[in-house]
Structure formats: C-alpha cells, structure tokens
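Shared between the two complexes below is chain A, which pairs with chain B and chain C, respectively.
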Partner chain A sequence: MKFKVCMVGQFSVGKTSLVSQYVSSVFSESYLTTVGVKIDKKNVTVGDISSDLLIWDIAGGSDSRGMIGTYSRGSHGFLYVIDGTRPSTIDFVEETIKKNDDAKPSILLINKADLKDAWQLTEADYKRIKDWNIPILETSAKTGNNVENSFSDLTKRMVGLHA
Partner chain B sequence: MSGKTTKDSPSLTSDLSELKELLFKKQQAAIEQKILQAEEEASRITPEKIADALPGAFDLNLKKNPQYFGKKLKPTIELAMEESVRENPGIITDIIFPIIGPAIRRSVSETFRKMVQNTNRVVEESMSFKGLKWRAESILTGKSYSEIVLLNSLVYRVEHLFLVHKDTGLLIEHIVNPNVSSDSVSDSDMVSSMFSAIQDFARDAFQEDNHAGIRSLAVGETTVWVERGPHAFLAAVIRGEAPSSLRGKMQLLMEKLHKEQNNAMRSFQGDLDERKKQEIIETLDDCFEEQYSTEEKTDQESKKKKLKLVQYALLALAIGALGFFFWQQIAGSRANKEIAKKLTNFERILAREPGIALTSSKTIGKPPKLHLRGLKDPLAANALKLAERSGVTEHVDMSFADYLSADMEIVRRRFSQKTNPPGSVKVFVSGRGVLKLSGKATRDWKKTASAAAVGVPGLNEVNMSEVRSN
Partner chain C sequence: MLNFPFEIREKFLEFFGTEWKACYLITDKKGALVQWGGDFDYFGVKKPQVGQATEEHVLALFGLLDANIVEAEPLFLEHVRLDAKVYADILIVFENNQHIVFLKDSSEKAVQIFDVQQSRNNLKLLVEALQHSVELQSQQRSNFLDGFASVSHEIKNSLVAMQETFNEMKAEKSVSKLKDWLKIGEGAMKHLQSIVYQTMDFSKLETGNQTLHPRPVLLPEFFSKLHAALAPLAARKGLKLHFETFFDDVEMVSVDELKLYQVFTNLVGNAIKFTETGYVKIAVELSPAENGQCRFAAEVSDSGIGIAKADQSRIFEQFNQIQNSSVQHVRGVGLGLAITKSLLQALGGTLSLESKLGIGSTFKFSLRLEKAGSEQNAQPQGAEVFQIPTHISKLAANPLNILMADDDPANCLLFQRILENEGHKVNVVTSGKTALEVVDKKQYDLIVLDRQMPMLDGFATCEEIRAKKIQTKNNVPVPIVIYTADEQREFKDIAANAGANKLITKGCGKKALFEALDQVLRESSNRKAD
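Let's look at the complex of A and B:
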C-alpha cells in the first residue's frame, strides 16, 4: 500500500528534522528553510502490512496562496507540528486544521521535547490544542523521541481506514 | 301512490332527494368532502406520475416530431450545461475528455489533408510527397521546415512511463523499456511525487489555473513529456528527439486509459488490484517506441551513396584528366616560350661572334627549332659549343660555309696562330687592319713575326714599337 502523508507546521518547528530523523536517522543543528516541498519515502510495516509512506514536507510559511492545500491534496494522513518553545506556532496549525478534512487521520506533534525546560506552552495553549481532538505526541527530532511512534501510529490509523 | 309514469318523475326525484337528505344529512357533507378530495387527488400532477409518464412522453415526441421536440428541449439543456460548467467544469470535462481528442484530431487531419492536396497539385513536379507533407506541416504548426524535417527523422527512445495519480501524486504504475536498465531511475515513487509537486509549484509560481501543467522538461539528453487526463497524468521519459506523433500517441493512450480504467483511477488510494495493474501495463506498453532514422533506409541509402561515390570518382577522374591536359598545354606552352627565348639569345650571341656571319635564320615548329645558315671563319668560336652553353643544342640546326673573315679579332687570332708570340707579348687590335704588340720578345721573334705578318689576310700593319728586345 502507498500513503501520502503531509507534514504541516510553521517554519522552523522541526518538520524537516523530524522527517530526516525518521527516514535517515540523521539530525543536524544547522537550519535550511524548505522551499516548496521536499518529499521522502520510507517503508513501514504495521502488523503484517507493508506500506510505503511518501512524506511531503511542506514549507512552513505564510499560506496566503493556499499552497498547503494544493500540496496536501489527496493526502491520506497529516502530521501537524508545533514548537513547544514557540506557542505562536499553534495558530498556523489551527488555521490549517480548519481547512482540512476532519476525516483524515492526523496526529499533532509538539516538537523539541529535548528543550522542554524552555517550553512556553500555557494551560490555555494545551486546552486549545486538545480541543482539536487529535492525538498528541511530544517529539524530539534531535533525540528521536517518539519520532518512530508518530509515523507508525499514523500509518496504523491510515491502514485501518483503508483496510 | 298511483301508477304514475316516469313522465311524472320530477316529483319522485324531489321526494327521493328529500329522503336522501333526511337519511344521510350528516354523512352527506363528509361524503361530498371525500368525493371532492378524491377528485382533487386525481387531478393533481405529482412527480411520481410525471416520472412514470415522462419516458413514454419523450418516446412519443421523438417519434412524432423529433426536430420540434429537440428545438423545445435545447434551451433547457443549454441552460443546464451552462450551469454545470459554471459550478464545476470538471464534470463536463471528464465526460467529454475521451471524445474531444479524437474530434480535434479528425478536424486537424482533414484540414491538413486538404492543404496537402492543394499544395501537392502546385508543386508535384518539383518535390517529393514527403517533403511536401513536411512543408504543409510546417505551415500548419508554424515551425520552420528544417525543424519539421528533424522532428520526423531523428533518433529517439521512450525509456520510462510513469502513470501518476493527479490528486495524490502517488504512482499508479511505472514501466521501463526492456532495453533500458531499471536502475536508470532512482525511486519511481519519489520521482512521481516530486514531479507532481513540481507541477503544483510551477502552477503557483506562474499563477496558472488548475488545468495548466508542465508539458515537457529537458534534463541533459533526456526529455520528459507529460500528458494530463482528469484523474492521472502520463510522464514519458524520452532519450533523443522524439517526433510529435509520439505525443499524439500518448494522448490516445490517456483517453483509452480514462475510458477503460476511469473508476479505478478516480478512486485510486495507493493500491490497485493485480488485474487492473496488468490491464494498465498492457495499455502503456503500446507507448514504448524507439526509432533509429537510418535503420529502414540503410540499403537504399547505401546504394545511393555508392552510386554517388562512383559518380564522384568518375567526375574527379575526368576533371583530373582535363586538368592534366590543360596543365600539359600550359606547361608545354611555357616551355616552348622558354626555348624560343633561349634560341633568340643564342642567335644574338652567334651574330656577335667574330668570324661568324649569319645569312638566314628561321624558327619553326613546337617545340621551336632554329634553322641557321651562314658563313664561318675557321678561327671563329665553335658554334656547337656555343649552342651547348646556351642550352639549345637539340633545338638548333646550323649550317655554315667557310670564309675568311676580316674581323680584326679573327685577324689577331690569325696573326697569333701564325707567329706564335711568347707569353710576354700582348697582341691588340689598334685599328682597322692594324695590330699593336707590346711586351718583351727576342729580336729573332720580332723579325719572324714581321715577316709572317705580311701573309696574314686582313692585316695591313703590325706595330711593334712597344715590344722591347731581350
């Protein structure tokens, strides 16, 4: 089976690093902003079902032209990413979730768990993101914490939906 | 009651009505209401009734007066289509996609055929049909004639075919030309997804609508041609320069796929059953083409080439022979001129030579030969040796009669021959018939020389005043 998965989130939340960690087990401190979209592929086995994930890492930035909508057309699942140290990154994801199809499997990743001490999320922020009713995982592209789980969980849900 | 006849029934009817009213007064209103309702019900036109009657009504109208019926339906259908296109053009596009291509192609083909026919009549004597067809294609497409020729005769090969789902960018099927290594593409899933993303990016960058898309890409020697359909696009990776007919073939293929596999492609979610995959592969296989422009024409062309070679060789020989001839002529002419110059020079030398008197001189023939006649003193220079020195020995014919020259140089030689002066005596010509001697000599020699001088023809006087006796 093949699934198209889109990584959505504001710039510098760690989308590319998460993909890089997941696909290549590589993390780099240097930051290179993604232009347009970057696509990676990884094969994942859930139970006895082998699936190819085509991961579309969509550039984070102003979505005035609706490019996220264009690139994420036909997606089977979404990974929304926010940065725990920047609560303002929640707004971007919230806006995107509103435009997207609720029925598609999605997971919210609160990235940069390795910098938890520097997180600035308030109770109100947590409540807000819980109101989206999608599973939440705290991840770290640097340490790899929950990265594998994020993609596996999403894949399980996508397989379940298409089985 | 009396036996009244029916002619008296008006009063009976009235009695009956009265009776009815008395008996059924209450129910009467209800009954009348029910009857009214039933009548209303019967007269109401419901959708169900129309639905049942409509197909039959259509059939009847089509049979009775089809033109009139069509005319009446036309505004409604036009309005409906207009509304549909305005709201969602994709629906109509999907419907007519399989037929629009053939319709356009037929129209173009017909126009093309007429053009070719007309032009063919005009230039039939001077051009081959193929060249004419290409010229017509050049006019139709706006491309230069040389470009059309190139498009129709260059080498190309379709190496990969990617059928990609338009919405998701997921690969539906990828097939590789059997003559090409499958390693030539890194990962077909990634390639198809990136290609889809590039199309989206380009559309956004240039603010084109959703129906626009990249039609071709060039990377090194490879070109990627894309043909789009409503649910998928086909990307063909081509090495070399493919003719435009390949694009037409791709369009046909897409129409066929959308016709036969429309549902499968529309609902594609990343997986297809094996049977559908196989059907798609079989359809795509038709698109694998490779053409080498010399393959079919090798024999004919090589024969033509050989013939041309022979012709060129013969021509070269002829030119060479002609050239040689002319060269010979020119060289010969130059040589003759050279000889003539030498002969003239020789004649001049001879004429100046003391003791030689030329009486006739004639140069004739090619190469020129100088015929000389004259008189020659025995003490004059050897004419043959002079001829040798001048390099004209084989070009002169000389004949001299002997004579005694009065030339003073000859007289001097004559005197010297007769008197044999010693080395210390110099003999000069000092005037006509006069020799002057100087130097040192014995008295005896002086005496002998004086006596001998008397018998020397041409010598009148010998001046020995400057000869000292030793």
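Let's look at the complex of A and C:
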C-alpha cells in the first residue's frame, strides 16, 4: 500500500527535523527553513501490512496563496505539528484544520518535548487543541521520543480506512 | 529552446510564458506513460518507459493525477524539491483524457526565496523571544511588586502589634499581666522573624548562595525531633498528626539535615495552616537503590481545604497566595512552597502536588541519598545542657574589658546586657572610626565589631586595628571578632584576611556566641603562654 502524508505546521516547529529523525535517524540543532515542499519516502510495516509512506514536508508560514491546499491534494493523512515552547504556533494549525474539512486521519504532534521545562502552553491552549478532537502526541525530533509512534499510529489509521 | 513537439511547447508557454529548463510527461487517464520529452537527466528522473506508471518516475505525482481529474483544473505546485539542489515547479493539465505534466526548473528562484525566508523567520523568532521576555519581565515585576506589598504588609502588621504591646507593657503594673503582654509581643516578633527569614532564605536560594552540608543523620531520631516540634502546632488546632515511616534496612543517610528539616516543617506547617479539621499525615519510605544509595520517598497529606486545579500550577510561584474565602485569615507572604521547591531542587529532588478542592492535598517528593556507614556516627541528638564556657562565665578569673562597635543601638544593648550579666565590662561605640580612637586610649581583652557599619565597616576597622598593632595587657594581639547578619561564603575569608580571629552570625544564639568568644579568648591565652 502507498500513502501520502502531509506534515503541516508553522515555521520552525520541527517538521523537517521530525521527518529527518524518522527517515534517517538524524537530528541537527541548526534551523534551515524549508522552501516549497520536500518529499521523502519510507517503508513502514504495521501488523503484517507493509506500506510506503510518501511524506510531504510542507514549508511553514503564512499560506496566503493557498499552496498547502494544493500540496495536500491526494493525501491520505496529516501530521499537524506545533511547538510546545511557542503557543503562537497553534493558530496556524487551527486555521489549516478548519480549511481541511475532509476528515482524513490526523494526529497533532506537540514537538520539542525535550524542552518541556520551557513549554509555554497554558490550560486554555490545551483545551483549545483538545477541541480539535484529534489524537495528540508529545514528540521530540531531538531525542526521537514518539517519532516512530507518530508515523506508525497514523499509518494504522490510514490502513484501517483503506484496507 | 525547448525541445518539445510544437503543441506541447505552445501549452508550456501558455502557462509559463517563457522558455526554461523543463521536461514533460503525457499519461493516459490511468496514469500510465504515453509520451515524454525534455531534460529528464537534469531533474533526476529515471529514464521513462511507455506503459509504466508515471508516479514511478516522479514521486510527487502520487495521488495527484486522480485528484486532478476530480478538480478538472490545472494543478500547479511550486518549488517541489527533487534532490539536494534541484527544485521544480510542477504543472498538471488534464485534457482530452490525458494528463500533461510539466516539470520546470525553479532552483534559482528557490535559492532566492530560501535566503529571504531564512532571514525573515529568524527575525520573527527573535521578535517572539523578545516579546516573551518582555511579558515575563512584566509578570516578574508584577509578582515582585505584589510580593513586596505582601511582605511589607506583614512586616508592618507585626511591628504595629509589637509597638502596641510595648505601649501596654509600659503602663501595666501587674506582673502576671505583664507576662501575658510579653507572650503577645513574642508572638508578633516571631512572626516578623519568620517573614524576614523566609525572604532572606528565598533570596539566597534564588541567587544560588546556598551550599549543601551533608552529614550522617539517623532518621528515626530526625523524625522524632520533627514530631516533637510539630505535634503541638497540630494539637492547638485539634488536628491529628500521623507519622508513618518505613526504613527498609537503612536508617542512617548522608543529607543536609537542616534543609531536609526545613522542607518538612514548611510542608507540614502549611498543611496544618490550611486544615481546620481532621489530620495531617507524613509518610516516608526509605529503600535501597543501586551504587550504595537509597531512595527516600515522602508524602505530606492533609484533609484540608485543597487547591483548585486552576491554582495548582501557580502554587509554587514566589509570593503566590490562594485567593479563597476560607483562608482569608491565614497569614503569610506566599514564599513557603517556593522555598521548599528550591530547597528540594538543591537536594536533588522535585516536588509534586495532588489535590482536590474541599478534600485535601498531598505533596510528594523523592530524593536519592547516600547511605551513611555505621563508622560515621551521627552527632548526638536530643536536649543539650548549655554550660557557659570558662573564659566567659562569671566564674572566670578576671572580668574582661570588651570593646564593641555597632551602629545599631538595639544590638549594642542586647550584647552589652548578655556579657555584663556575666560580670564583664562592655564599652560600646557606634562607629568603626570611634573604635579606632578608643583603642589608642585604653587596652581591651576583646574587640567585637559589627560587619556592616557606615563609613568604616567591620573588616576595614579590623585591618586598621591590626595595622596599629594593638595588644592586650598580656602583650598579645587583641582578639577581634566580627559579627554579621548575612551568611555569605566569602565573608569568612575576608574576615581572616582582615586579621579577625573569628566571624560569627547574629542570631546564632547565646550558646554559639559564648562558645565562639571562648574559643577566641582561649587561643589568645595560649599565645600568651607561648
């Protein structure tokens, strides 16, 4: 099976780092912005079903020209990413979820769990993201915490829909 | 010039308007390749074969061709990264039951965008960080002002209570009533002391001016002492105080006893403060861990008012106090839990809370401690009988001539009374400068200098006295003791360098004061013998 997965989130939340950790087990501290979209491929086996994931790492930032919608065409699942140390990154994901009304399997990743002491999320922020009714995982691209789980959980959900 | 068939080239120019490095693929409705052309090598696309799925050649096309049919409009994706240095704009047009896919090089533009985007994003991150810092400082300033107001209020209350008590005492003729007033005044003084010490403790913890002093501690005795101190507080409110301790083969540990004691008194004191009926329970379990260490796990729980979930994250902040009508009468400045948390951090532990409003609270912490061997005997605990040391007691051979320099009249009076009660003569001056004048005119057996005096502080005065080579009647350098209200690590060295025999802390208690003075005088006396 083959699935197209889109990584969506504000700039500098760690989308590229999460993909890099997942696909190549590599992490770099330096921040390099993503231009347009980068596509990576990885095979994942869930249960006894082997699937190819085509992971679309979409540039973060304002989407005034609607490119996220275009990049997302034909996708089977979404990983929305916010940065626990920057509550302002919630707005971008919230806007995108509202525009995406086709209810494809999605997971919200609260990234930078290795910096949990510096997280700024308030109770109100947690309530807001819980209201989106999608599963939430705390991840760290740096330590690898929950990175593998994020992609396998999403794959399970996509396989469940398409099997 | 694009090496495309005429119609294809026209289609390309219709969308892109200009010739560029490009390639094209034409697929049937199902996505199988029908025709291709252009510079595939440049885009890293493997050599196409008729009949193969187009998605095999360009990963980005997966899922898009079907989506394109549904949309029935050209699909344009910009800056799709195909390899490390090559970006392409991809255009998919569906007409005449075929997909025409164009890949046009956009690498140069992508590089330009990268530079602009990188700078813009870095700037935005910097602005976010600055905004956050400003908000934090504003919050801290607000906390500080709230805290300052709270501390000032508590201090003022205590001072007013003490002043009124003293006024009543001046007018009181009955001895028994005088004693009652004394108790009231003492209560107000103790509260004032607690506020000031808490603020000082917190300041030391915040500035990292704390060192650990671990020593062997016998835990059963430690908890027995704690119980003796806290049980009366609980009893006064009619509360049950339970201790449950379980030491699995380990009873003696190496720990900073004072800090651990303070953690428990803060937590239990708080629990008693906020519990009107029921109980306060302390549960401690000590179990062996690896590498000769042990795990010390403690819980302090109560049947008190509990803490609302919304307040729980703020409970450990400095100067934070719960706004709750049932605790309006409870006094304090909101530093206790902040201090406790900092103490535990210094000890290598963390503090957590579980609480339900109206039901009660449980504070938990755990520490990793070193086991203390039996050869490291804990210092004897229990009541100590204080005997005034030889050189200071009334029984000493000769009363001493003591010079004291302190600009605080209350300190002078207190010190003078304590020593004159032992039969010694104390000459008090209020500045270092006057002390220097006086030592030229009269011989003293001991000089005591306050560290903090205006113009010439205790250290400087001591240096000057040493420079003058002032001696006692026994022709030895006069012993000099400097005393200070602040315990700062470097003061001991500074005092020694200034020529002082000893540095002592104000408020150390009569016992410690006399022992320190006795030691200094003994050493001086031994020098004379030499």
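We adopt the following convention: the second predicted complex is superposed on the first by the 161 of 163 C-alpha atoms of A that agree within 3 Å, B and C clash if a C-alpha of one lies under 4 Å from a C-alpha of the other, contacts with A are read in each partner's own complex, and residues count from 1 in each chain.
One rule holds in what follows: contacts are C-beta pairs under 8 Å (C-beta built on N, C-alpha and C of every residue); 3 or more make two chains touch, one makes a residue touch a chain.
Just so you know, these numbers come straight off a predicted model, no measurement behind them.
> With chain A superposed, do chain B and chain C clash or fit?
clash
> More residues of chain A in touch with chain C or with chain B?
C
> So in the superposed three-chain picture, is A:1 touching just chain B, just chain C, both, or none of them (first/second/both/neither)?
first
> Using the superposition on chain A described above, determine whether A:36 touches chain B (first), chain C (second), both, or neither.
both
> Could you say whether A:12 touches chain B, chain C, both of them, or neither, answering first, second, both or neither?
It touches chain C, and chain B stays clear.
> Between chain B (first) and chain C (second), which, if any, makes contact with A:61: first, second, both or neither?
In the superposed model, A:61 contacts chain C only, not chain B.
> Go through the superposed model and pick first if A:88 touches only chain B, second if only chain C, both, or neither.
In the superposition, A:88 touches chain C alone.
> Would you check which partner chain A:162 touches, where first means chain B only, second means chain C only, and both and neither mean what they say?
Touch status of A:162: first partner only.
> Look at A:123 in the shared chain and tell me whether it touches chain B only, chain C only, both, or neither; answer first, second, both or neither.
second
> Quick one: is A:143 in contact with chain B, with chain C, with both, or with neither? Answer first, second, both or neither.
After superposing on A, A:143 lies clear of both chain B and chain C.
> Would you find which stretch of chain B runs into chain C in the superposed arrangement, from 199-207, 325-333 or 415-423?
199-207
> Using the superposition on chain A as set up above, list the residues of chain A that contact both chain B and chain C.
Shared contact residues on chain A (touching chain B in one complex, chain C in the other): 2, 4, 36-37, 39, 41, 54, 67, 70-71, 73-76.
> Over in the complex, which chain A residues touch chain C? Could you list them?
2, 4, 11-12, 31-33, 35-39, 41, 54, 59, 61, 67, 70-71, 73-76, 86, 88, 120, 123
> Give every residue of chain A touching chain B within the complex, in rising order.
1-4, 36-37, 39-41, 52, 54, 56, 65, 67, 70-71, 73-76, 162
> In their complex, what parts of chain B are in touch with chain A?
Answer in residue numbers: 165, 167-171, 187, 189-190, 193-194, 197, 200-201, 203-204, 269-271.
> Give the list of chain C residues in touch with chain A in this complex.
Against chain A, the touching part of chain C is residues 59-60, 62-64, 66-68, 71, 75-81, 87, 106, 110, 113-114, 117-118, 121-122, 124-125, 128, 132, 310, 313.
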